[in-house]
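For clarity, chains are labelled A, B, C, D and E in written order, and residue numbers in each chain start from 1.
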Amino acid sequence: MTAQMGRAAVDVLPVLIFAGGAIMLIFYVMFVPRALQVWSALGATVVLAVAGFASGWYLGRAPTITFFGTFAADRTWLWGTLIIVIVTVLTVALSVEWFRSDSRQGEYYVLLLFSALGAVLLAGAVDLMELILAMLLSSVTGYTLTAYHRKSRAATEAGIKYYLLGALANGAMVYGAALLFGLSGGTSFADLRSGLVNADPTALIVGFGMVAIGIAFKLGAIPAHQWMPDVAQGAPAPAAAFLLVAGKVGALIVLMRFAAVLPDAAVGWRPLVAVIAALTMTLGNLAALWQDDVRRMLGWSSVSQTGYGLLAVVALGRSDLAIPSMLFFLAAYAMGNMAAFAVIVKLRGLTDRESYRGLASVHPWLMGALVVSFLSFIGVPPLGGFTAKLLLMGAVIEAGYTWLAALAVVNSVISLFYYARVMGPAYFGPAARPRPLMGSLAAWAVGVATVAVVAIGVIGQPLAAAWQELVLLIG
Amino acid sequence: MVWLPVLTPLIGGVVIAALRRQQTAARMASVLAMVATVVAAATVAASQAAGEWTWGGGLDLAVSVTGFGRIMVILVPLIAALVLIFAAANSEEDRAIVKLLVVLTWFVAAMELLVIAADFLTLLIGWELVGAASWVLIGHEWRDPDRPRSAREAFVTTRFGDLGIYVAAGAVFAATGSLQYTDLAAASPGWLAIVAGGLVLAAAAKSAQVPFSPWLFSAMAGPTPVSALLHSATMVAAGAYILIRLQPTLSMVNWFAPVVVGIGLITALAGGMVALAQQDLKKALAGSTSAQYGLMLIAVGAGFTAAAAGQLTAHALFKSLLFLAAGVALHARGTLDLSKLRLGSALPRIAVLFGIGALALGAVPPLGAAFTKEAVLAGAFHSGIWVGLGTAVAGLLSTVYAGRLHMLGYGPGPIGEIHGSPRRGEVTALGILAALSLALGILWLPGGDAILEWAADGAILATTRAEIVLSWALVALGIAVVAVAWRRGRLVTLGLPSRTREFIAGWWGLPSAARVLIVDPVSRLGQGLFVADRKVVARLADAVAGFGELMSRILKRVVDRSIDAIVWGIGAGTIQGAEISRLADDRGVDGAVEGLASGIGVAGTQSRRTQTGMSYHYYTMMMIGLVVAIAVAAFWR
Amino acid sequence: MLTLAIFVPLAVAAITLAIPKRHERLARPLAIWTSFIPLIVVAVSWARFEIGTGFQLVESLPWIPSLGISYTVGVDGLSLPLVALTAVLFTVSIVFPVDDRGKARAYYATFLFLEAISLGVFLSLDLILFFVFWDLSLVGMYFLIGVWGHGDAQRSALKFFLYTLLGSLALLLGILGIYLYTNPRTFDMVEIIATLPVPAGGLAATLIFVAVGIGFAVKTPLVPFHTWLPPAHVDAPAPASTILAGVLLKMGTYGFIRISLQMLPETFQRYALPLGIIAVVSILYGALVAMAQTNLKRLIAYTSVNHMGYVILGIAAAGALGIGSEASRSIAMTGAVVEMVAHGLITGALFLVSGSILARGKTYELDQYGGLAGKAPRLAGITILAAFASLGLPGLAGFVAEFQIFAGTLGVFPWLAAIGLLGIVITAALFLRMIQQVFLGDLPVRWEGWKDLRRVEMWALVPLGALVVIIGVAPAWLIRVIDTLSQVVARG
Amino acid sequence: MIDILLVVAAGIFGVGVYGALSQQSFVMIMMGLELMLNSAVLVVVTFWWGTTGGSPSGQLMVVVVLAVMAIEAAIGFALVTAVYRSRKADITEKLKRLRS
Amino acid sequence: MNPGPLSYVLVSAFGIGAVVSGWLVFRTDSMLRAAYWLMVSFVSVGAMLVVLDAQFLGLILILMMSGEMTIMAIFMIMFMMNPAGLNPMTMVHQHRTSIIAGVGSFLVLAWVGVMAEFPNLPATTADPTVDLGEELLGRSMLIFESAGVALLAVMIGAIALVAKQGRFGDAYDGSQEPDIEVGTGSRT
């Protein structure tokens, strides 16, 4: 048993690095003087780097289900981990100057690591309990990160609203998980798959629906999407960038695994996900239409992006493109979002749409990065967002949901309108005076994220090749 | 080689343009270019050459000088040369004269291309270029706002006819895969009928037949040489020419002959009366042009192309003479009002020359024009007694208006005030034209028939004695009528009520009919479509708009009454539904026209309102969402 | 080598942006000289193009082979003329003087970027590559109109972007539809054209056809998808209008041939008649609405709708396999392609001229002008030449195209051709009226000081005029190349 | 027996939902949420006892739910405190900054 | 399994008690009392667990919740307007909706509980507590670890949010967005 345990621990090495690194960082934070607190960012980066390298190294390992059927150490998980790691590193880079004045900045990085760990665990969870706990870990740290500006009225408000929403969703999910446990006699996805085949459809559907609400909350999908704009606007900008993305990576992957478990005949999960996707992207786009707060607009656009991402789930099992499209979406969306928020951070949190008027003349590179990320969201080639959208739409068309692809098209066009409400004045307005900027770390983050957005589209072959043959292990 | 008749004037035009700083040289060059063209044309006509210019894709421009083309190819530059002599002599101070000379030269090139064309594509090229050049020529005095408008009218009218050639060319190509005249016969009857229809349309438009005749009036806006050239051997001649050229094949279409004869007869009669009723010398001549071409169409329809060709040649000579003389009259009197001219005493030499032209126009033997007219008459009688009688009446009309024009234009009268006397070059040109008209009298000699048949490569019908008697009698009658009217002083008004006269003189109301029936509706349609384009089509996407509108309204109602409303049972829902449908009905059509964009925009505003900021609203939405999710998962596979 | 034509302008565009502010005036000569490189490439390609069939000078690199995406460029009888047109129009547009609003570097960089993109659209032989360039052309044009436009430029730019993005995404759906039928999965256009993977007759084929059709119809534009065009043209700077009309609209018709017709021939055949009817509606509608215009640029814009209608009519006829003779369909196709080239040159010239007029007169309203022929004979001459070419006068490029289109269509859809011919008369009327209003008649006193075209403007306009005449008189060199395509298409 | 237990659990859940939706005070809302989780505990134990043959996962799941309850309560109290400090707000209606 | 009649009685009694006391949580005017009613509800559920042979879990539940409720009561007193119910008042919104939602949830879930067929799987082992131990530290190590990490994280997070004083003095110092214009203090 101990030997098994040891092997299992090796299987999830990146997780251990995260957890161990975070705990070590706690000690650092607890004992060094205030002047050295800022270096905890470096510590977090080191942890992330090691975890990232470990994940990259593990890509060569054979995928396996580990910890007795509770965790899937497969390549999809590793890729999800890598995306989360990169997002977190960028977040750390954005956070250093943003949080420099905060006397508790050290704990911030610890929580960031824990939050990332939650998302990583989520991406690999193949057990209802693991799913619940991973989501909880990701969420509770998320609430804290959101409210981290304790003096800020917006941040604390966003934090508690985020919490209230999450708690209700979580309550429903736990009850649903209990029902599924009763139906199958187990909590691991393997048990569910075998146990649910002939299960009572009523209980199954209710249980599934309740669990789905929990995952929808993490994804920011209707009907539990309301936290996204609030967090985007209220939370500290680097944290907002992180929170919009990281949880979504884990949640989308776990939703894939969960959906794969369900018996198609008894539960109309595919149409449900399609409906949620349709509503989510439409509502997100419509609500973003007239936003004058750029961060809030990005929050709503994130809602709509969630809707696009769900297309991959709709196509699960019906199209080879489902998993590659999901990963392309996650990577492109993550990088695009990081780029956009990095620009905002670089502009010291500038968020009023009017303040962007004429900025292209004085900050051409920053606005260029913003435009690249926006165009990627819209799906303009050859940026990452295009490849993602291409594959997503291909996948749903192949899955027989052409109407969903058409709706995605209409939504993309609508989304152009609100992005243009920022881009247009920035480029077509008279030159503004230069704005005060954050330091060079933020600039690096802008650069890296923007280059990544472009690279995902332009040199997509390594990714496509790696993701093409991926299978989701569910035990 | 075969291209020389085209290239010579083309290059000539370039040379003239290059010489624009030396006016005299330019004028000389223009005449020389025409003379050279005549020589080239004669050479080509003698050799009966053919040639091709490849476009690729199965399209070649083929040219050849055969049949009546041999005559036309010479006749065109010949008359153009004389007109240019006249033009070059005229108005030495006018700097714009060089432009006029250049365009005239190029105009001849286009016409020559039309004449030597051996396929429909080449024909169309020449045909359209002639039309375009006529636009420049008519609008020569472009600073006067009216003249460009007239030029436009002329061009657009003839271009409408050009569509006929497009159709004919397309039909030939569809039928045979080739555009050559020679392949036309291979076309199936159906296609051939379309070809014939197209060509008749084009010819009627170019040759100013009813109902296209009025464009000739617009063409009067051009300077005198232009009118002289347009109305004689070029432009107008193109219509009759192409029918003469293709008559053998086209006549296989059974309606071709009656239609062509019909158009010709109507135009000959109507145009004759227009010429008779007109108060303006040039416009009267223009009316007579339509009428004369009507005669040619009768002959073509009847199958006697040689008669038509002869008539064309004779007409070309005397009509250019008449127009140039009219130009002299305009120059001298500053007006063309027939009641104010009577230049016979003031310009006796010109009067004589004009008289020769008038006699030819009146078909008075022994001029060549009389011979050809009688050949036409013979042909007309051949195709039917009523056609023959109608043609005879048309002939009578021509004699009367010819006499009237001569008496009123160059008849005896007070010398009065003369603004300018004709220059030497002008008189020379007139003289040569008159001489040529006279020379055409050789057709009366034995063998005249044969010459015509050879020249036109077509048939001619020998005139019967009865026809000659009738014809001559009518000529005599016509002269008598003119004499009587002159004596009574009614030659100007003809004793007609002025409104009737003006109606006829204004081409039987055709221009205003065209304006009311075609021009105005089309431009109003354009205006209407434009308004529609801005107001409706720009929002056409809004077939969907009703939907967007409705959705936004639903959202609005939902949010206005808070989310409670939905949850609160079916009763409230029913009321909501009724409310929504009432609203939809109230705004029904309005709503549909509202822009999709604004619909989406409103929907956007409403969507934001779901984010109330109240977390308990979110809770409610989530619970509703849960119920809906369960329902979807349960009932939708 | 074709790759050079795409990437050299792209690289120079980046370099231009990097020029230091104080050397800003270097941007213009750099851009002008760079724009000659695609011209040279085109000339060489033309020389090396072998008359025969199929794609030539193909250069291919794997891009995302896992998804069947490759970087493949090449030319055939369709793309070579359009590439040449693009290269020419960009050179003259860059040469044409414009108010760069103090952003010379950005202006010329955008232009070079757009040149690379536009060439890419016509050169690419991979659907995704094609779409990449296609979509980027919207972005480039959006900024070009928005930043350097006048009037309500921002709104027009956005309208343009929104409309055409909708079209392009519909196109993307269609492309995906085709892709999903290939086996093994590929976006390779050559292979798709060769194997025709989409099964004919099914609902899927119809849906794909409609999707790509909407995409191209918006771009072309066909009535009723044209409403983005007039505001975009009116508010765009003159060279941008030239590119928009001359190059970007061609992408729509190019797509109709390359994708709708060549990849879905049987479906195209089924819907050829409806498409032809829409084309005729566009012809008449464009002409009639143009006639009602009082605004010079709007008038030209609507004539574009009219002319693109001719192109689509020709394409519809060419694709109507089984109706009419092969020769008719072939000639219609040739005519359609020649019309694309001719319209690009002619309308390009007209828009540049309108830019010259705006620069001097500050308004596009026709009734503000008159009698300019005396003050500006060169301006008048070039405008009249272009206008006559546009109304289809023989000896000029437009005629060659329109004749072939109508001659070919008449053998396929006689009634459509006959009705469509009316457009020729209406355009004649409206162009003559336009010439009359601007150049003829009385000269208003305020234009006494009107200046004729400057030399640099002539440098831009004369080549266009010369090409219009050359194609009009001796089109063999052009038709010979296009014919290689027409033969294939007409045979079915 | 299972029926009874599940109905009881459903009742507790329903009460919890009512509380979460109806209460203005954050703390009272949290009570509703805790009740919901409480009902989940009962459901899990019911199944563990009644249908799954005493599957050990059931027991673990109860522990997990208990942990969830504790964690949510803890973070909830922390956030309520933070909001109270920064906004002097103890009910949902007072937080209207972030909307639309 | 195979419960005796006593079990039925006990379960029903505690069940009614749990639901009713839960209901009373939201019916009292005093938040303090609400907290204690909530504890009663938890204790009732704990008792039901004990009846169902899950003595260990039942006791844990009771102990944990008693502690938690005590904390909650303290919170009431700290923050709430009306901790002792001195001024009777209800603080509810969208009451009708909430009732519908609550009753609806109950009906749906009760229907599931009554109508649905749940499997009857064979029994596994004898001692549930030993099972739990093995499960926790053996097969479900990762879950256990996750729960631990989550608890750790929430401790850190809660302290970070709430503590007024830290090692470096005022813990709220600088916990706000950076100035949008450096040095002006203006923020978004």
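Rule of thumb we're sticking to: a contact is a pair of C-beta atoms (placed from the backbone, for glycine too) under 8 Å apart; a residue touches a chain by one contact, two chains touch by 3 or more.
None of these values were measured; they are calculated from a predicted model.
The minimum number of touch steps linking chain A to chain E comes to 1. Ranked by how far their CA centres sit from the centre of chain D, the chains are topped by B. By C-beta contact pairs, the most connected chain pair is D-E.
Taking the mean Cα position of each chain as its centre, B sits at the greatest distance from chain E.
Nearest to the global CA centroid, when each chain is reduced to the mean of its CA atoms, is chain C. In whole angstrom, the spacing between the mean C-alpha positions of chain A and chain B is 72.
Annotation: 64 Å between the Cα-based centres of chain C and chain D. Centre-to-centre, using mean CA coordinates, chain B is 90 Å away from chain D. Here the CA centre of chain B is 94 Å from the CA centre of chain E. Multi-chain contact residues of chain B (touching two or more other chains) are listed as 608, 611, 614-616, 619-620, 623, 630. Each of residues 129, 133, 136, 140, 143-144, 147, 150-152, 159-161, 164, 168, 172, 175, 179, 182, 185, 202, 206, 229, 287 in chain A touches at least two other chains. Under the contact rule stated at the top, the pairs of chains that touch are A-B, A-C, A-D, A-E, B-C, B-D, B-E, D-E. Of all residues in chain B, only 53-59, 121, 124-126, 128-129, 132, 135, 139, 142-145, 148-149, 151-152, 155-156, 159-160, 162-163, 166-167, 169-171, 173-175, 177, 179, 194, 522-523, 525-527, 529-530, 533, 537-538, 540 touch chain C in the complex they form. On chain B, the positions that touch chain D within their shared complex are 608-609, 611-616, 619-620, 623. Those residues of chain D lying in contact with chain E across their complex are 1-19, 21-25, 27-28, 30-32, 34-35, 38-39, 41-42, 45-57, 59-60, 62-64, 66-67, 69-71, 73-75, 77-82, 84, 90-93.
Contacts from chain A toward chain D in the complex involve residues 128-129, 132-133, 136, 140, 143-144, 147, 150-154, 156-161, 163-164, 167-168, 170-172, 174-175, 177-179, 181-182, 185-188, 191, 229-230, 233-234, 287, 296. By the touch criterion stated above, chain C contacts chain B in their complex at residues 223-224, 226-227, 285, 287-293, 324-325, 327-328, 330-331, 334, 370-371, 373-374, 388, 392-395, 399-400, 403-404, 406-412, 414, 417-418, 421-422, 424-426, 428-429, 432-433, 435-436, 439-443, 474-480, 482-483, 486.
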